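The same chain A turns up in both complexes below, where it pairs with chain B and then with chain C.
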Partner chain A sequence: MNLSPFTIGLIGVVGLLGVGFYGLLVSRNLIKIVVCLQILAKAALLALVAAGQAAGQIDLGQSLALTVIVADTIVAVMGIALGVQIRRRTGTLDVRKLSSLRG
Partner chain B sequence: MVGVLSLLVIGLPWLGAAVIWLAGDRRPRLLHGLAVGFSVLTGLAALAMLPFASSSASVRIPFGGVLGDFSLVPDGLGVFIAAIAAVVGSLAVIFATDYMRGHNEQLSRFYALILFFIGAMVGLGLSGSLLFTFFFWEITAFCSYALISFHNDDPRAVAGGVKALIMTQLGGIGLLAGSLLLYSYQGNYQINQFLANAGTFPAGVLGLMAFGCLVAAAAKSAQVPFHSWLPDAMEAPTPVTALIHAATMVNAGVYLLARFYPAFQGVPGWRLAVMIVGAASALLAGLMAVAADDIKRVLAYSTISQLGFMVYAVGSGAIFASQFHLLSHAIFKALLFLSAGALITSLGTRDLRQMGGLGKKMPFVQAVFVIGALGLVGLPIANGFFSKDLILEGGLAGGPAWLYILMLFSVGVTALYSLRLVRMIFAPQAGNGRGPEPTHDGLPAMRVSLAILAVGTLTSWLVGGPFGRMLATTLPAQHLQAESTWALVGQILVNPFTWVTLAVIALGFSLWAARKYFARPAAVLKPLAESGLGFEWLNRQIVSLTQRAATFLQRFQTGQLNWNVAGILGGLILILILLAGVR
Partner chain C sequence: MLSLLLIVVAVVFAFQAIRARGLIASALWLAGVSALTALVLYLYGAHTLAVIELSVGTGLVTVLFVLAINIAGDNPMAAGWIVPLPLAIGVSVLFVLVLGWFVLSALPAPATASGETVFSDIFWQGRGLDVLVQVVLIFSGVLGFLGLLAEVKAPLGGSLAESVTSGRDLELKALEEQLLEEPESPE
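Up next, the complex of A and B:
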């Protein structure tokens, strides 16, 4: 069977989304959570490129993807920095022990 | 010309509010002057607009998109509501220059909010787009809340303000739902287009809008079962009470019902529901007024009761009578509240039991208060007589007889509590004689407002004919018939039911004279009436139910990231399934 590039892209997107959401659902380590968020963002990035290619506006999709990379890096840096601070202050990275958002 | 005027009547008070807000509190005399200047100019502009009433839009500003067109339609109802808001507003501001003496530290906030309110109320009357009516409606609710809680170091004032805000929001939701439904079926928010094409709407949608409109009106006009915010709103400074909670904002509900009556009258059960809400409010609030001992609470209950008369009139199809009574009531109730304000500043108390024997010491206030009470009871010469009889006449013609008898009973109760009020304040033998001594008999600026309103109470019925003609020519959907003032007066005097009404009023008066025979049942009923006839209990139940539901739902807020992600993911999947299903 032969798959179009768009379908291959979509399969990648769904796969990445699955990995990211699975990680968010099960992981308790803050660093892992940041990594999973990154995977989710990469899924969105791939979707942008694939959609741009399918719509015939590949340049638009790619430039949006570049913007996502920039914004996404900041998220990663902030998340890691927060993790470092939390580890220093509380001595743990386990989000279940950190939950003070309880109603 | 009329376009400029109608923008001016909204813009002037708002400009005044901004100027006063920016001027700060340092120079109170300047603030008094600015407030009086702007409000009197607004009043004059609103009066100048009256002859130009027409049913076509004077201003139309397209906002585009989902906001639609902002339009001002200066038809009879609109310019009438605008004129009442602007004129009573200016009189209340004039009164406030004396009333607020000694409250210099918050003066700019006070005047800014009042002027902001006047502009919004005018906009509410003139707006031809239901969405913008909703916006103005919410601004008036906000101003009402902020002014009830004006003395924000007094917990009762804050609680009263919050209560008023929450309960009038219920009505706001009804109005918003109505405007969104209108948009989804009509593609814009223009009220006149809706009134012309209401027959083409699906019956279910029309019914939903009609009853949403009734809830909105009941909440805004403090009708049963949403009435209990109004007595608690009495913590506001008295000029505010006279303006917002007697003469203008609480009329917005009646205005809304009258405006949409042509569209909703065919909805099954709607007219009867409106009449029952009005009659229940008129009667229950009247009974509560008999028991209250705070002068402002008595007047607040009486306002609910009189608004009930207007709502009843709209339900029975007597649009003109309801608007005519709205005019009368705005004048005499503003007069009563402002005289109560003069009494309160003079005595330093609101408790009726500490008053008594003030007739000799405060002859001017007594004279104007009695004139206001004449209007409230509905005795001849005063404006209330003519408008109330028109309402009862219309109610008998357009509604069931048992509701008419209930309304007659309310008329008797009105006479009873009005006489009790006047006697408790002014009669020589009333009170224990140990109450505070009055310090003045109405300060100069107060007297100006009171005198104008007293003259208005005695003469405003003379404009009945021209007012009816204005409504009839500019409101095609309502199918009103214009009559001259003298034809109206003749019609009222010839009608035998007018004399029945007068007999009931006499009966109400004689009840007060015979009160010592009713001492024992009254002593049993008084605590019941003071607690709001169980409606306060109902309010508390609703509040506690809401709080318990919130506590229960807190359990689902675990604070665990994984659960939150699972929730988000579940919602996402649900939306995807729904979208796929719609497809």
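Up next, the complex of A and C:
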């Protein structure tokens, strides 16, 4: 079986997206949800670079992926800071206990 | 084949990051995912991005996670899921199968390089708006982080306000008595 680098990259993208999606479904801890978002962002990063490599424009892929890294880091920073504040105010990181709009 | 091996290990690390009970362990597994992703990026020829991913994704984000976990505490939660576990596994497997079938069945033919391009030229000249957006994002992120991590000051109300005003009254009275007791200066 001879897999091209693009195919290998796509296998990784699908795998990381699946794991991140599963984590979002089962995680209750706010910090762990941020970890799952990070995994999803890694999949997007890999997809951009693999597509750039397959199209022969790796530098364009790199420049786009750099924006993804910056946005992903800011999402992580804000998620972590929100988690710390929520823990200080409510004493828990459990997202099920944080909901105040229960029916 | 090396990149395939690295990618499989990265997916296993990602699964371990979700499965880990402790948050510190989860953050360390995530750092492993970032490091392996950086290696794969390097093998793809994205050398600049690999270095940035290794320093930011593996270094900075992991340090931030450990800092936040130290502040918030690493208390493992009781067992329980947001959605039933079989449903979550089923939906995730279905998602992976559909996405995999959709993506892998529509593989484009590999293209050749259209011309010599340099990353710095594309990044600084061709993607100038992206650079501007990144600067704004970093600035707003730093400000937001400082604002959210700042200690919350209690409002001056109730007993705290009363204690402050009574303390000031006492200080004023002491100052008046001190002024009255002082002998008048000779003329």
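Just a few scattered comments:
Following the convention adopted for this analysis, the second predicted complex is superposed on the first by the 100 of 103 C-alpha atoms of A that agree within 3 Å, B and C clash if a C-alpha of one lies under 4 Å from a C-alpha of the other, contacts with A are read in each partner's own complex, and residues count from 1 in each chain.
We adopt the following convention: contacts are C-beta pairs under 8 Å (C-beta built on N, C-alpha and C of every residue); 3 or more make two chains touch, one makes a residue touch a chain.
Please read these numbers as outputs of a predicted model, since none were measured by experiment.
With both structures placed on the common chain, the touch criterion links A:R96 to chain B and to chain C. With both structures placed on the common chain, the touch criterion links A:V26 to chain B and to chain C. Legend: residue contacts after superposition of the two complexes on their common chain; A:A54 is shown touching chain C, with no touch to chain B.
Between chain B and chain C, the partner in contact with more residues of chain A is C. Touched by chain B in one complex and by chain C in the other are residues 21, 25-28, 95-96 of chain A.
Residue ranges on chain A touching chain C, taken from their complex, read 3-23, 25-29, 31-32, 34-36, 38-39, 42, 45-46, 49-50, 52-67, 69-74, 76-78, 80-85, 87-88, 93-96.
Residues of chain B touching chain A in their complex: 554-555, 557-562, 565-566, 569.
Looking at the complex, you find that chain C touches chain A at residues 3-4, 7-8, 10-11, 14-15, 17-18, 23, 26-27, 30, 33-34, 37, 40-41, 43-46, 48-49, 52-53, 56-57, 60-61, 64-65, 68-69, 71-73, 75, 77, 80-83, 85, 88-89, 91-93, 95-96, 99-100, 103-104, 107-108, 110-114, 117-119, 121-123, 126-127, 130, 133-134, 137-138, 140-141, 144-145, 148-149, 152. Of all residues in chain A, those touching chain B in their complex are 21, 24-28, 33, 95-96, 99-103.
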